[in-house]
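Two complexes come next, and they have one chain in common, chain A, joined by chain B in the first and chain C in the second.
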Partner chain A sequence: MATSSSTLVLYFVGILLLIHSGYSSYEFHKLSSLSHHSQDLPQDILLETLIGIVVIVIGGISSIENPNALSLNGELIIPEHKYLKPIQMKDSVKLNEKIGISDYEDLNSRLPFINIVKKRKEYDDFIKSSEQ
Partner chain B sequence: MSTNDEIIYYPPSIQTNKQKLQRAQDIASLVLGVGCGILTLESAYGFVFYLAGITLTNGIFLTACCEGKPEKFFTKPKQEIFLEGLFNNVPGFVMMWCLIYALVKASS
Partner chain C sequence: MADVNVVKNNFLLIASSGSFANFNPPQLIYYHDKLQQFLLSSGDTLATVELFNLYELQFYLALLTKNDIEAKTVLNKLLDQFGNNKKSQRLKLLQSIYLEAIGDKEEALNLINRNPDEIQLARRLVTFSRMNENEDDNEDYIETLNYFLDLQPSDLIAWSELGHEYSKIGHYDKAIHCFKEILLQDSFIYPIYYQVGLNYYYQFLQEEKNLKTERKDKLLELMNILINARNNFLRAIEIFDDYPKGWVGILTITKLNSFNDKLKKLSDGGLKEVKQYLEQNESLQKLSNSKVEEFVTTEEYGSIIKQFSK
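Let's turn to the complex of A and B:
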């Protein structure tokens, strides 16, 4: 799953909030143990922690977005649903049809059997012929 | 023996959706554990906090990701989103809870 920049920003902000509230809580407990006054945790630490949790959860949910696809014709295809994939056969094959591939593309194109050396030689010859 | 009304499912999509839900719940449970430790909650309050938080996360997932039609993405929507994974994520939650609690209360 590719991580988008908005997800990273949300994680970063959330982690900063949690670290700050965690350190505040640590200081509070240390001071209250030294002064022998036991009090409840201040409201601002509570609020900061809850905001941090919500921000990271939103970041986590935005990290499961479907990536955009590139069709064989070079067109950018934005998936119909932003986060999940439809499970019914009639809906789920739509995306592959738009891209122009099938589920059995691995078997049809036989990618592991490509002769890379031959392809490189062809490419080199092409470059040489175009330079002349 | 198939009738025309029978719904044909696409298994890879079912698998992907489950993994995405699992990922959201993983992150939520770990972060809830961190929050629980920072707030230094103890005993049953921590588990109440976890239940409330994870249910809220599932609610956000249901509204934001399923676009109001969960039956389009899950075979058994309510059960899969709200019940499965509720207890699988407890160990991760407890781990972060104990770790952060120990760090925050170490000095006192």
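Let's turn to the complex of A and C:
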């Protein structure tokens, strides 16, 4: 889940609108209590509140956008689903398979049992052979 | 150029999966250099947990690329931050791996307590019975792994390790048993179905090699091994239908022409089950061929098919 700058702008604008509509409502009630006339809240304040909520909701939805990924070959992978991850297993494992690291990679890599001596020797041999 | 977040997530995925343990030397050099640059340029922007996870990855990559001084520096950084926690298995493991890598095996062993409840260290303790220079001489290692699994029967990584060790020395029936133990605990791990299928295939190759006469019962036995291999590849595909290894596995099995010719003779003799197997083979070959052409790249096919030539 990535919070992009556009999402932050949407949150900021939405909160600003809500604060402004709240303050306008407070002013309106203060004035109407001083003038002893009870009136309904003006339409523009209601509209501003509604727009503020909608903008925040849009910001919230865009914040759950699936980020792009990088495969082990260095290719940029764009997820098939823009928002939320697929529920079905055959679809949900697809992205990691494209990256080159499956969801069960720990059973393949078996890091706790790594033969560090052998791996370093392999590396040594590779360096020696590439120097020749 | 890829976004910083994309690169960061890539490193974090590599770190958490441990996939670097199977990297080849060029990959190790590439990721070691890339991570070093990334930490220098963007280390300050990372959350603490992410930063220390990447330090751990840097430690492993430095050690695997024989940059021992760098590995020691990173290890010291981790010890400075978390050294107060004397019970940390993760830290002890890193220290022990470092000592083992630089050749101080005795000290590396001393660091690990013999407490079976400390599973991470207990796993590492098992590896001390392995002949690091000659992995094929793994009798003691297998024995220790079996002992460990008696104490920790739900450790899937250890079952996988044991399966691979048996497979290395040609005990494919035992390897299959180990992989099936994993499937008993989680029946959706499609790469393990592939491993089971692959080991049945190896078993087939082994027994076919030892086949002296083309007796009917022997050929039927071999056919049943191939059916088992095929069914496991199919199960992997049933879970994840775009699984390249599974499709390549099916294609390889259906393309065993010389063995299929022997079966054809039996089928002509009126054996129903053989006839059915050959018919299924034919339709699966067409399907797997089209699937492999559809989404398996030549490079990928080459690396997968290598596993089938034992």
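What we mean here is this: the second predicted complex is superposed on the first by the 105 of 132 C-alpha atoms of A that agree within 3 Å, B and C clash if a C-alpha of one lies under 4 Å from a C-alpha of the other, contacts with A are read in each partner's own complex, and residues count from 1 in each chain.
Going forward, a contact is a pair of C-beta atoms (placed from the backbone, for glycine too) under 8 Å apart; a residue touches a chain by one contact, two chains touch by 3 or more.
In this text, all values refer to a predicted model and were calculated from it rather than measured experimentally.
By the document's definition of touching, of the two partners only chain C reaches A:126; chain B does not.
Of the two partner chains placed around the shared chain by superposition, chain C is the only one that A:104 touches, whereas chain B remains out of contact.
Once the two complexes are overlaid on the shared chain, A:69 sits against chain C while remaining clear of chain B. Shared-chain residue A:114: touches chain C; no touch with chain B. Residue contacts after overlaying the shared chain place A:81 against chain B, while chain C stays out of touching range.
In the overlay built on the shared chain, the residue A:89 is in contact with chain B and with chain C. Contact with chain B, but none with chain C, is seen for A:53 once the two complexes are overlaid on the shared chain.
In the three-chain superposition model, chain A touches both chain B and chain C at residues 89-90, 93.
Every residue of chain A that touches chain B in the complex is listed here, in rising order: 1, 14, 18, 21-22, 25-26, 29-30, 32-33, 41, 45-46, 49-50, 52-53, 56-61, 63-64, 81-93, 103.
Taken in their complex, chain A has these residues touching chain C: 2, 67-70, 72, 76, 89-90, 93-94, 96-97, 99-102, 104-124, 126-127. Remark: chain B residues 7-10, 12-14, 16-17, 20, 23-24, 26-28, 31-32, 34-35, 37-40, 53, 57, 60-61, 64-67, 72-75, 100, 103-108 touch chain A in the complex.
Only residues 2-3, 5-7, 9-10, 13-14, 17-22, 24-28, 63-66, 93, 97, 100-101, 120, 123-124, 126-127, 130, 132-133, 135, 156-158, 160-161, 164, 182, 188-192, 239-243 of chain C touch chain A when the two sit together in their complex.
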